[in-house]
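Pasting a structure here, questions to come.
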Amino acid sequence: MTDETETGEEMHLTKGRLEGLSDGIFAFAMTLLVIGLSLPDKTSIVQTPEFAASILLSLHSDFLHYVLAFLILGAFWLVHHVQYHSIRHIDKIFVWINLVTMLFVALLPFSTSYAGDFPNVPLGAIVFDLNLFAIGMGMFLQWLYASRGHRLVEPTVKESYIRQLRYHILIIPFVSVVCILVAATGNTWSSALYMTIPVVKIAVDRIFAV
Amino acid sequence: MTDETETGEEMHLTKGRLEGLSDGIFAFAMTLLVIGLSLPDKTSIVQTPEFAASILLSLHSDFLHYVLAFLILGAFWLVHHVQYHSIRHIDKIFVWINLVTMLFVALLPFSTSYAGDFPNVPLGAIVFDLNLFAIGMGMFLQWLYASRGHRLVEPTVKESYIRQLRYHILIIPFVSVVCILVAATGNTWSSALYMTIPVVKIAVDRIFAV
Amino acid sequence: MTDETETGEEMHLTKGRLEGLSDGIFAFAMTLLVIGLSLPDKTSIVQTPEFAASILLSLHSDFLHYVLAFLILGAFWLVHHVQYHSIRHIDKIFVWINLVTMLFVALLPFSTSYAGDFPNVPLGAIVFDLNLFAIGMGMFLQWLYASRGHRLVEPTVKESYIRQLRYHILIIPFVSVVCILVAATGNTWSSALYMTIPVVKIAVDRIFAV
Amino acid sequence: MTDETETGEEMHLTKGRLEGLSDGIFAFAMTLLVIGLSLPDKTSIVQTPEFAASILLSLHSDFLHYVLAFLILGAFWLVHHVQYHSIRHIDKIFVWINLVTMLFVALLPFSTSYAGDFPNVPLGAIVFDLNLFAIGMGMFLQWLYASRGHRLVEPTVKESYIRQLRYHILIIPFVSVVCILVAATGNTWSSALYMTIPVVKIAVDRIFAV
């Protein structure tokens, strides 16, 4: 905080606080996912083992989507973490790409809950898939903007590393598109495809030799 | 933590922790906005594509307000970020102006949800606008208090920069007042005016040559 | 992280992370207070100005308690902040006093909502008062434990400062007790007494010449 | 951020941000527990002392589970804190064990609420116990992975300390298993056994002379 004050608002953006806000939104969105596992009204609860068990069973689709959404958000958080490690400074455009991405991160508890509520309607899974696709594309655009011509990344970051990260970030959006196509043909098990992500990652690493 | 202990409570306020608390409240309020997108009770859900689609459609006003509120909170967070960069130390009055501003930040999930619930009643939008106006004025007062006579800001911060930031902070409250006036005459599309903020900002920069 | 590893678990407690957890709980509890301002079910909403206005009016007691709870939590956060500034190291007992205090901080969204729901029943306000009393006494015990014989505070911290902070911390619990007594006699305006806190503080400073 | 860029993604994982994300999830999960203490709908509230008192009484099981869950999460947070103090660097496997553990931390508000809703059905307590067991085993695996052969911990950390921490971490999962067995035989007071944790800890320290 010395003479840089004079070079305008642009210079006041610090990587640290954007990281802090993003980590907060990630942590909070991951915790809020649990809201989708809603219990019935106190007054309609019956104190029998059968009723208690039926509540759990009725939530099976919500549980599946909770686990998927939590782990995928964790994977996105890791990508965010890895990206930020290479970034030297940030600018306004980068901040706004990040904020719009966070808008979709914060929306995930809604679409997870929606997908869990409609296990037998493809639209449920599609809304979930579209949300993940939007987060992934936001992450991709952010990295593309930051890394093109080493705009915001450290000069020491290698081109090969930049490309490798680009391929890795695109894996989840790619799986989302496949899920949307599978769901659009009327299948209701499309969300299970997210479990193939680790396999797809290995394949990508082989094919592109990254 | 040396002899400053003796100069009284005032001295113990550190910029870092107030920043942390504020970032936390911003991140949580932004994530809690999603609460406004409420889904119907489990028991009233019908597993048909038509029902699933109708739920999404019924939320269109909530979605619009979610996006607006998230991005405007993001803009306020940026202003907060930029302000704090110039601040050297803080005092009790500054802390309390900040806490009252945060009170309105934390209230936004309520007024966003309220506005989304009443797409056809001007009062819905007005409550939303008033909340944004209160946040904006809090931000403005905070900066006015900190920057007048360089009370809390670094001595190197230029007068022109202080004025520029004042004008910029007033843009959102100004648009809020216009929205209130438009809504008060019975229009229900007033919230769309917030999309003009980037244009207004360019105009302000031109007119005041800041 | 050098040879201190060998001196046992006790040594591994760092002030910074406890501060971080506490700030997180404070920020989140302050933001969750808004949950008390609940809107009616989507299906029971009527799109008329009268209905929209009646919703706001029915929330007047919730609003009052939201504002009180937010500002009092803000005051407690300030006390926490000021306390931690003087603390040099922490131990397990201190951590557990702090965690139990946080248990009551996290409970406040519940008792605020409860008090807001029963504007005409003294028990509503009493539950709110008891919660604030518990937070205040937790804060007091924490400071008493840390400051007695300079157990955990910096050696440079003056006895007069330690005493001054003790008196200050007791102000809110004292007002809570008065509120409980006033509510127990059947009055429903007792919560308004919290607005006298700034006055009580000035009086305490005069009387004890702290 | 120098030449390490070239050694691959693995190197970019920093202990600090994982700690921050985990602290965030701990703080939010602890605060979200309060959601389990749900109040009846505004419209069904009667403004009488009897009704207000009956609401509190109906929540007694929820209160008990709130307190237990908050304090046990606090204990797990302490374990997390102590573990991380000894860790020098992290790798991908460690991050994923941590994220899966956090998945169960974030799930606790659900199972606490579920247990509180079924005070008279053993399944309620068993779901709560299983969730705590999963968190504890996650914590244990994390420490086992990090400490075996000093894989991720500082070389100065003593073998005796590593073993001591292993025993300590297993105490809560052990109590959870006892609770499950007690609940499975039809008892509904099993959760009270968690109050024996401090006693079990002293016994473990005596028996294994750790």
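The letters A, B, C and D name the chains in turn, as written, and every chain counts its residues from 1.
What we mean here is this: contacts are C-beta pairs under 8 Å (C-beta built on N, C-alpha and C of every residue); 3 or more make two chains touch, one makes a residue touch a chain.
All of these numbers come straight from a predicted model, not from anything done at the bench.
On the document's contact criterion, could you list the chains that touch chain A and likewise touch chain D?
none
Superposing the C-alpha atoms of chain C on chain D takes a rotation of how many degrees, nearest 5?
90
Mind checking chain A against chain B and telling me if their interface is mostly the same residue numbers on each side, over half, or mostly different?
different
Taking each chain's centre as the mean of its C-alpha atoms, give the chain farthest from chain A.
If we average the C-alpha coordinates per chain, C ends up farthest from chain A.
Go ahead and note the Å separation of the Cα centroids belonging to chain A and chain B.
25
Can you check how far apart chain B and chain D are, centre to centre, with Cα atoms defining each centre and the answer in Å?
35
If I count partner chains per residue in chain D, which residues reach a count of at least 2?
Within chain D, residues 20, 24, 28, 32, 35 contact more than one other chain.
Please list each pair of chains that are touching.
The list of touching pairs comes to A-B, A-D, B-C, C-D.
Mind pulling up the chain C residues that touch chain B in the complex?
Listed in rising order, the residues are 19-20, 23-24, 26-28, 30-35, 37, 39, 42-43, 45, 47-49, 51-53, 55-56, 66-67, 70-71, 74, 77-78, 81-82, 85-86, 88, 154, 156-158, 161, 164-165, 168.
Okay, in this complex, where on chain D does chain A touch?
1-3, 5-6, 8-9, 12-14, 17, 20-21, 24-25, 28-29, 32, 35, 38, 40, 58, 95-96, 99-100, 102-103, 106-107, 109-110, 113-114, 117-124, 127
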